[in-house]
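Questions regarding the structure given below will be posed in turn.
Labels run A, B, C and D following the written order; every chain starts at residue 1.
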């Protein structure tokens, strides 16, 4: 599912900044931009000071999924992993960003009566959180399974159920009736009330299940495999999800990452190898791809 | 800005795209018809087309360098037949003339490409990418004036369309190569292509990051190298030149034009700013207006004189 | 860091300076004896010395580029006699071995330089700058394997000191040139020298900024080009290599060593940080300790595995 | 006169920032650095955000004369003329700088009974102001002649008489007894009390003489040419001062500028052509040069 972007990059002012666990959430004014679809992303660069980080980088803009969108605002969530996210993390209200988007293909709402399972972790949260809001708005009951390093990172789960760029409380529990929170106009395609049940796994056991999120996913699918899995997270996790779903013949949609320069198909830099031997550009053919098209999720 | 004549093509302004740096078909999927209404270039240069389809290099294909980017894309394309069938109709729908860029690993391959494109009205001009190793010498054909001359000699009779030779910067004296292209009847040259470069995976102890091992450096880092090469070529030949390399602002375009280019191509900057072509052509236009307003007196010199006469300058 | 053997010289660490980027005599005037106590390099490479004195190019000589610097200094020096009389005694007082870099516009000139330096005990090794145009071809001698081979053949018998050939990067295939140097008995090669580049005076409508018109680009902008050239040369020859170009941090030095260099030279970074050599050799040492601590298991791979096994990685 | 620098660059935190007319004054902590001599300079770069300005510059550090030094602090004064000074102008208290220095040769105290005339303008003020303090401390009466674009720039004169990095009031008048302000240990070599009389010229006549500072200098030397002129300012002004002094055979010391990469003689980039046909490096052979060594002050 794709919403087209205005042509070119545009400026947007930062309206606020939050810390959510180990993550930074930045809210940006985007008054004239279209409403994006979950799984889509934006290319972002700061207007000032882009280029003077470690090793004279960043140079190209950075791809970030939107976490929330609405009321003329977009929000993004990230962790400091390099010069680009470090610079973005230094943004304060009033600072300006260049943004291009929404870009790429988002998740497909093709449940065919199956239940929705959202699996992911770390900075894979934003598209899943945005997706959970849409599913809730459509009255789809969802199971959300998230893996984190530890409790500090797991606090990132609180963005779930926020929608529209706001951040509300949440945790390892049902988030309540989602339809009430989502955009009222959405058709009620789900069988349920749009409730989301979130389970967490942590590496160190400090919150939720002590172990991997794929263990939660395995148990969940063992219990009921009439599901579609929507996943986003680090490559190794996505590959584990892919393999697990493939083995159980459960359809899965994976929101991939790749090093990008342009985000709109111009550079052919962001490819992932497909099962048929060809390469797909993650930015225009994805970032959400049907897991069946991949033999494996590459390590980078 | 008055229209520019480039090998008989009348273009609205001097800014085109660098081959392989703007996929107008993917951009239309992303941005819709807005792309056509505000098309950033005065002519569209296709990515390099080869006779047979190519998948391109394995990823990673990009490395972010200092004020630049290394790519080892590996020229993925549908091949000639796929280009003619799938891409050409869509590219013909663009509001500007189409320049198709081709490469072959033998003269015969290139000849086949040129003949096929010569037959298509949608193609306004042909650009020849000669950054391709000569099977005998191992050197890029474009690095060696003798191989290049032989190639152009074979191709020139095959088309009456403008033939642009895209030179490689990875050579000892690009002006000598350009002179060889001119002598054999090329209509224009374009330069610079990317500088050969590589990077290792962080902390890997020397494992090349790029799937293609070595790639090409583009962006601001190469701008001053591009300006030197364009100036050197312009001093040697009289053919029109498409200058490129690290252009991110109208001032850079104006420098390349001042060095002797007729057109300026924008490559990597379109990645950072999809509508960079439009912005740069506007910036260029303002500069040109400001300069002609000062009735051919050098604006900067005039400014310097003003400063020197101010009290601060005492 | 264990000492490094370079052509029989035992150096304390692998970091030296790039020729022409550190004037130890002027630095001592500026920083006093503190310079000697904390000398940043394990060997000192002099700037290029010519037979006769040279004043150098008219200013401006510098242009600040994107992540780099263009210089057109023009090899100012006192000439051989002045070097031997004024500079050599002061350079001999440095706490590290001295490598003297020379250039000549004819083989005879270079021979005279090499013979004179061969006679001086203060000189530990001779570096030959071959980025100098061949009067016949106009090409840099170092861009052409044939001219270079002839030159080295003539010089090799004149000295038993290590002879390092400083290659030019402005060539189609630097490995071929390096192989020619090896075949004729050079002891080492060093690369890369600066990339040919230019800039126009702001708003001048195309007037070259540099007094020397064209200059050479150095600094981070050329780092990835340097790494590709050093790797290409290391694949071709077995001689020790002095790798350089845009090194600003220990990681860059480590990359060049991983690519096959024995020593790494720091040039432009010393302008930003006079003690950069010391910092970079320390950074390199820490990296090497960290890597050997992981018992030859690739640290980065190990780290990746740790990440992949963490809960975030699912 | 040269004070040697500690080897290498060191970090210093900004302790304060002032606006003085059209100029910015930045104060930097430099607890362990030596006391520099007027006319000497430092190479400065910000620790963060150097490299991301216009055209991906600045890359090399920037040469700035010190305005004041003392109490573990240095101060610098500049106007925004490009990416380097723009970035320096964005510094706030607590931000950090890399600094190398003091560098180069400063002014020589070789009056031989002549009076001291300081002539300059614009960002040529800092070395003259520092020099005025030293002259005052030595009991030398000085005539200070400064040219500015307009009243806003002329307000920069208030740094005179400050010394030690502090900024006090001042103007088109005598600044009083300087010895009292300077470092008490200085020998009293001057015939006078160390008073400085400052005259200002502005381009637009909004303050002081309506015209060029060289007109003030001409009149002053017409009245009494038993003087040494110390000058710093834009190239065209320095050249006018040089020519004027040469015509009157008045000795002059010119503090030159040149594009620099290193500041310590390493790059040979900052040369100026000397009368004898050779080139001098402004950074190590200057920046203060005897005017008699030059045929002309070059335009850049």
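Brief remarks on what is shown
Methods note: a contact is a pair of C-beta atoms (placed from the backbone, for glycine too) under 8 Å apart; a residue touches a chain by one contact, two chains touch by 3 or more.
These figures come from a predicted structure and were not determined experimentally.
Touching chain B and chain C together: A, D. Taking the mean of C-alpha positions as each chain's centre, the chain lying farthest from the centre of chain A is D. Contact count check for C-D and B-D (C-beta pairs in contact): higher for C-D.
Work out the mean CA point of chain A and of chain B, and you get 36 Å between them.
If you average the CA atoms of chain A and of chain C, the two centres end up 47 Å from each other. Annotation for chain C: residues 65-68, 220 touch two or more other chains. Counting partners per residue, chain D has 51, 55-56 as the residues that reach two or more other chains.
Chain-to-chain contact here is organised exhaustively, every possible pair of chains being in touch. Every residue of chain A that touches chain D in the complex is listed here, in rising order: 48-52, 56. Residues of chain A touching chain C in their complex: 55-56, 121-122, 147-150, 153, 201-204, 211-214, 233-238, 240-241, 299. Chain B contributes residues 20-23, 25-27, 29-32, 34-35, 38, 47, 55-56, 58-62, 64-69, 71, 73, 76, 219, 268, 270-275, 278 to its touches with chain A in the complex. Residues 67, 220, 248-249, 304, 307-314 of chain B are the ones touching chain D in the complex. Only residues 2, 4-9, 45, 51, 55-61, 98, 100, 103, 258-262, 264-273, 277-279, 281, 284, 298, 300 of chain A touch chain B when the two sit together in their complex.
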